[in-house]
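Read from first to last, the chains carry the letters A, B, C, D and E; within each, the first residue is number 1.
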Amino acid sequence: MAEPAPMWTVLVLPIVLGGLALFAASLNGVLTAVASGRRATLAEWAEPLRASARLLVRQRRTTFRADVVLRRVGIAGIVVAALLASVPTPLGGVAVADLPVGVVWFNAMEILLWALVWLTGWGGNSAFSLVGGYRFLAQALAYELPLMFALTAPPLAADSLRVGAIVQAQQDVWFALWMPLAFLVYLIGIVGVAFWGPLSPPAAADVAGGVTAELSGADRLVFLAGRYLMLAAGAAFAVPLFLGGGQGPLLPAWLWSLLKMAAVLAVLVWLRRFSLVRAERLMSWGWLVLLPVVLLQVLVVGVVVLLRG
Amino acid sequence: MWEVIAFWVLAVLAVASGIAVFRVDSMARATFLLLASFLFVAGEMLVLELHYLGALTVLMMTAEMAIMAVFMIMFMMNPAGLEPMEMVHNKRGALVISVAVFVALTAAALVVPWPERAAPHPSDATHQLGEAIMRDKMLVMMVVGVGLFATMVAATLLATARGRYGEHAAPSRPEPSPHAHAHHHHAGGDR
Amino acid sequence: MNLQVFLVLAAALFAAGLYGALSQQSIVMIMMGLELMINAVLVGAVAFWYYAWPQQADGQFLVLLAMVVMAIEMAMGFAATIAIFRARDVDMTDLAADLKG
Amino acid sequence: MGWYVPVMALAALGLALVGATYAIGLLVTVQRRPLVTPPFLAGGLPREHAVSRFHVRWYVVTLLFLAFDMEMVFMYPWAVVVAEVGVEAVVEMFTFLAVLLAGVVYVWREGGLRWT
Amino acid sequence: MDLISALRRAAFTRPNLLLVVAPGATGPRLAMERFTREHGWSLADTAADADALVEIGELDEPLTAVAEVLWRQLPRPAVRLSLGDEVGVGEALARLPERLRSWRPTDEPSEEWPEPPMADRAPDRDGLRLDVLRVPLGPVLPYWPAGLRLVVDMQGDVVQFAEVELLGVTGRTRPYWTGETRSAARRLDAAARLLGVAGWTAMSTRCQILRDRLLAGGTGTFVATEVDRLARRVRRSPLLGAMLRGLAPLPGLGDAHERLSNWLAEVARASTADEAGPPVAELLNVLPDVVFGAELSVVRLIVASLDLDIAEITEPSHGGISHG
C-alpha cells in the first residue's frame, strides 16, 4: 500500500484543477464566439477572466426570506466537493492521497452534489431556482446508478479499488479499449454531475437560468467556477480509470496525464453543441438503456477476469 | 494523537447535529443536519481506518438524505419554517424516556467487561468484507436481494395511484381539476 | 479512544433518535428519528468490529445490513406516507391510528 | 489516519479559496450591501413564497432508486474479490442483479418511469 | 488603487442586456441581437445577471410597470436605456460600457417590498393535495414572444391552470413581419427561438445569422442552400427529435417538430406561402388548453413552437383568455 503522499500535492491540486477549469471555460467561450461568426482572437480566449472581473465588481443579491445559510453551503460546497473528488486522481503517479478505496471516495464526493445543487435551488426562495434544483435530482436519479456500475468495472479488472493499482493494471492495454461502454456511461454520468451540455436543464435558459436564477456577483462566480471545477474533476478522474494515467511514450508521466485530462475535458466542453435532453426521456433511457448496457459490460469484464485467472 | 482529537471533535458534532435535527423549524435544515450527523459518523469510521465503510456511508447517506428532503418538503406543513409551529405531542415524556435510556446504555457500556482486541487487524478490511460476502454471508445477501425486490414491488404498489389493472389503468388525458375562474380563494384552502 | 467511549457515542445518538421518534407527530419526522437510531447501530457495529472481533467481517457486514434495513425502512415508510396522504390528506400519526388495539 | 491529514488540509484550502473570492469581491465591488429583492419572475411579483410543498412527480423512481442503490453496497467489495473467489462470485452477483432488474421491469410496466 | 480601477474597466467591456420589448418593436430587437452577437455581448437570462435594462419600442402602462419592477431587481451598477427604432441602437450600446464604468452609488430609497403569504394547497389528479405556485411566464424571459404573459398555476412543475394576458397592445402597433423576404426571415427568427429554448444554441445562432443576412437583402439562392443544409441537420437530429416530437399536435399544423421542419422547408424553397398559418388570436385561445397538464419545460417548447407575434393583434383586449 503506497504511503500517504507529501503535503506539497495539496497545493498543486487546486492549481492544476483551476487551470483545467479555466481551460474549459475559455474553450467554451471560444466555441460560442466561433458559432456566432466571430474570429477566435485572444480576447475570446480571455472571456472567463473578463466575466470573473465583472461578477466580482457587481453587487451581490438575495431574495427576501431566502435561506441564505443553506444557499451558501450549497455554493461553497460544490467547490470543496470538486477538489475532494480529485484527491485520488494521480498526476503522473503522485496523488494527494492514493486511498485504498479511491474509486468509492470519488463516487461519494460527486454524489454530494445531490445535496449541494438542490440546496442552492431551495435557498433562493424563487420558483425558477426551485424548479432547477428539482430538475437536478430528477436527472440524477436517471444517470447515477449506471455511473456507479461504470465506476465498478475498472476496479473489477484491476482487482483493487485503489486508483494507483488501476493505473498499474493498464500496462498492456488501456481499459477504455476493452470496456468502451463503461467509459461512455462514465462520461455521460460526469456530464450529468456537472449538469453540462445536453444535461444542463437544471441551469437552462428556459427557466431563466434555473438554480442560477437568483445568483449574482461573487455568489454566481463561485457557483459557476464550482461547476467547471466539477467538470474538470470528472474529466481528470477518467484518465487514471480508463486511459492508463501517466503511461505514454517519450513525454514524462505528469505531462501525459495533463494532456489526456485536457483532451477528455475538451470533448466534454464540445458536448455543449447539442440540444437538451428532457428529464422524462432521460429517466427511461437511464433505467432501460444505460443500466442494462453497463451491467452487460460489467458481466463481460467479470468473465474476462475469470478466464485470465 | 490525531486520532483522539478527530474522534472527540466528530463525536460531539455528530451528537449535536443529531439533537438539532428536532429543534430546527425548517424541514430542509432538519434533513441536512441529519445528513451532517451521518457524515460525522462516516468520519469516525475513517478514523478507525475502515476506508470502505466510511466512503460508503457518505455515498449512501447523501443519496438517501436528498430523497428524504424531497419527501420531507412534500409532506410537512410549512417546509421552510417561515411560520414556526409546534408539531409535537408529550415532548416532556419523550425527553424523560430518552434520557433514561441514555443513562442506562452508558452505564451498561462502562460496566460490562467487553472482550478487548483479540487478533491483529486485517491489512485490507474491504478485502475481508468482500471475502465474507462471497463465502459464508452469501445466503444473507440472497435474502437481502429478494427483500429489496419485494420492497420495490410493495413500495410501487402503495405509492402509485393508478394500478395497471384498475379502472384508470391507462393514464387517460388528465381531467381538468375543478378550477373556478376566480380560483384563488379556495373554499377549504387550509394553510 | 476505546470501545467504551464509542459505545457512549452510540448511546447518545440512540437517545437523540429515540427522543425524536417519540416526540414527533408526523410520520416522516418519526422516520428521521428511526434513521438516527440506525446511525447509532452503525457506530456500535464499527466499534465492536475494531475493538473486539477484527479477524472476521461480521461487524462490517452488520454495517451493510444496517444500511440496507435503513433503505428498506425509508422506501416502505415513504410509500405508506404517500398512500395515507392520498387517502386521508393528512400525515399525522394520531389521525392514522386505525390498527390500534 | 495519516491518509486523511492531506484530505482535510485540501478541504480547508478549498474553503479558504472560496473565502478569498468573497473577500476580493468585498474589496472590489461597487456596492457592498447585497440587494434584497423579490425573486425574478419575468417581471412579475410573486403571489406566494416559492419555498412550498413541491409536488414531485417522480417519487416512484426515488423508491426504486433506494432499493436498487443497496445493490452497490455489495458491488464494490465483490469487485475486489472476484479473481480469488472465482466463478461462483460472478454467478451469485448476477443472479442478485437479475432479481433487482426484475423489480425495475415491474416498475417500468407499472408506469413509474412516466409521470405527466 | 489602479488595480481596482483596471479591474473595473475590464469588468464592463461586454455587459449583459435584459430586454423589455414592446410587441411591435421587432426591428430594434433584431438590431440589438445582431449587435450583441457581433460584439460578443450576451442577453441576460435573469435580472440577477443583467448589467443594463433596455426598454425597446413604445411601452404601455402594464409593460412600464414590468420594467419598473425589473429595474429595482437589477444589482448595481446598472444602467437603464430606452430605444425607439433601429437607427439609434449601435451608438447607444457603444456608450454603455462607459456609462457603467462611470456609475456612482446614488442613495436610492430602499423601499420595502410587499411580502407574499405562504403557498396554498389545491387538489391534483395525482391524488395528493399539495402547494400550488402561480408563476407568470413572460414578458421578460429568454426566447419569449414580446408582449405575451402566460400566467400558470403549477403544482410541482406540472401546469394545472393557464391564463393568457397581453401587454403592450396599444392599437398603434404595426406588425414588423410584412412583405416577401420578411416572412421568410420571420420563419428563421421563430426557428432560432425554438432551437434556443431546446438548448441547441449553436444552431439557433446559425438561424439568426441567416435571418439577418436575408433581412439585409442577401441574395435568395445563397441563403436558400444554407437553410436547406441547416433544415436537413435539424430534421435528422435524434436529440432534437426526442425533445420536440409529439408536442402540442394541432389540427393542420402537426406537432412542434413538424412545425419547425415546415418553417425551415418553407424558407429553403423560398416559397413563403401566403397562408401564414392561423391568426395569432386563434392560437392564443387554444394555448391554455394545449399547455394544460404539461411540464414547465414542455410549456416553454410549445409556446416557442407556435411563433406568436402579438403585434398582429390590433384591439387591446386585456381580458385574459383562460381555461384550466
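Please note the rule applied: a residue touches a chain if its C-beta (ideal position, glycine included) is under 8 Å from a C-beta of that chain, and two chains touch if they have at least 3 such contacts.
What you see is a predicted model, and the numbers here were worked out from it, not measured in a lab.
Minimum number of contact steps separating chain A from chain B: 1. Put simply, the chain nearest the middle, going by average C-alpha positions, is D.
Two chain pairs are in question, A-D and C-E; the one with more C-beta pairs in contact is A-D.
For chain B, the chain whose average C-alpha position is most distant is E. Here the CA centre of chain D is 33 Å from the CA centre of chain E.
Chain C and chain D, compared by their mean Cα positions, are separated by 21 Å. Residue positions of chain C touching 2 or more other chains, listed in rising order: 64, 67-68, 71-72, 74-75, 78-79, 82, 85-86. Contact of a single residue of chain D with at least two other chains is seen at positions 3-5, 28, 30-31, 35-38, 40-42, 46-47, 49-56, 59, 62-70, 72-74, 76, 79-80, 104, 114, 116. Touching of two or more other chains is recorded for residues 3, 28, 51-52, 56, 59-60, 63-64, 67, 70-71, 73-76, 80, 82, 124, 126, 129, 131, 133, 144, 148, 151-152, 155-157, 159, 161, 184 of chain B. Chains touching one another, given as pairs, are A-B, A-D, A-E, B-C, B-D, B-E, C-D, C-E, D-E. On the side of chain B, the complex with chain C involves touching residues 3-4, 7, 11, 14-15, 18-19, 21-22, 30-31, 34, 37-38, 41, 44-45, 48, 50, 53, 56-57, 60, 64, 67-68, 71-72, 75-76, 87-91, 93-95, 97-99, 101-102, 105-106, 109-110, 114-122, 125, 128-129, 131-133, 137, 140, 144, 147-148, 151-152, 154-159, 161. Contact residues on chain B toward chain D in their complex (touch as defined above): 2-3, 6, 28, 46-47, 49, 51-52, 56, 59-60, 63-64, 67, 70-71, 73-76, 79-80, 82, 124, 126-127, 129-131, 133-135, 138, 141-142, 144-146, 148-149, 151-153, 155-157, 159-160, 162-164, 171, 184. Residues of chain B that touch chain A in their complex: 26, 28-29, 32, 35, 51-52, 55-56, 58-59, 62-63, 65-66, 69-70, 73, 80, 82, 123-124, 126.
Per the touch definition, chain E reaches chain A in the complex via residues 7-8, 10-15, 37-38, 40, 45-46, 48-49, 51, 73, 75-77, 113, 115, 133, 135, 141-143, 154, 156-157, 195-203, 205-206, 209, 237, 239-240, 242-243, 295-298, 300-301. Those residues of chain D that touch chain A in the shared complex are 2-7, 9-11, 13-15, 17-18, 21-22, 24-25, 28-42, 46, 49-51, 54, 56, 58, 61-62, 64-65, 68-69, 72, 75-76, 79-80, 82-83, 86-87, 90, 93-94, 97, 101, 104, 108, 113-116.
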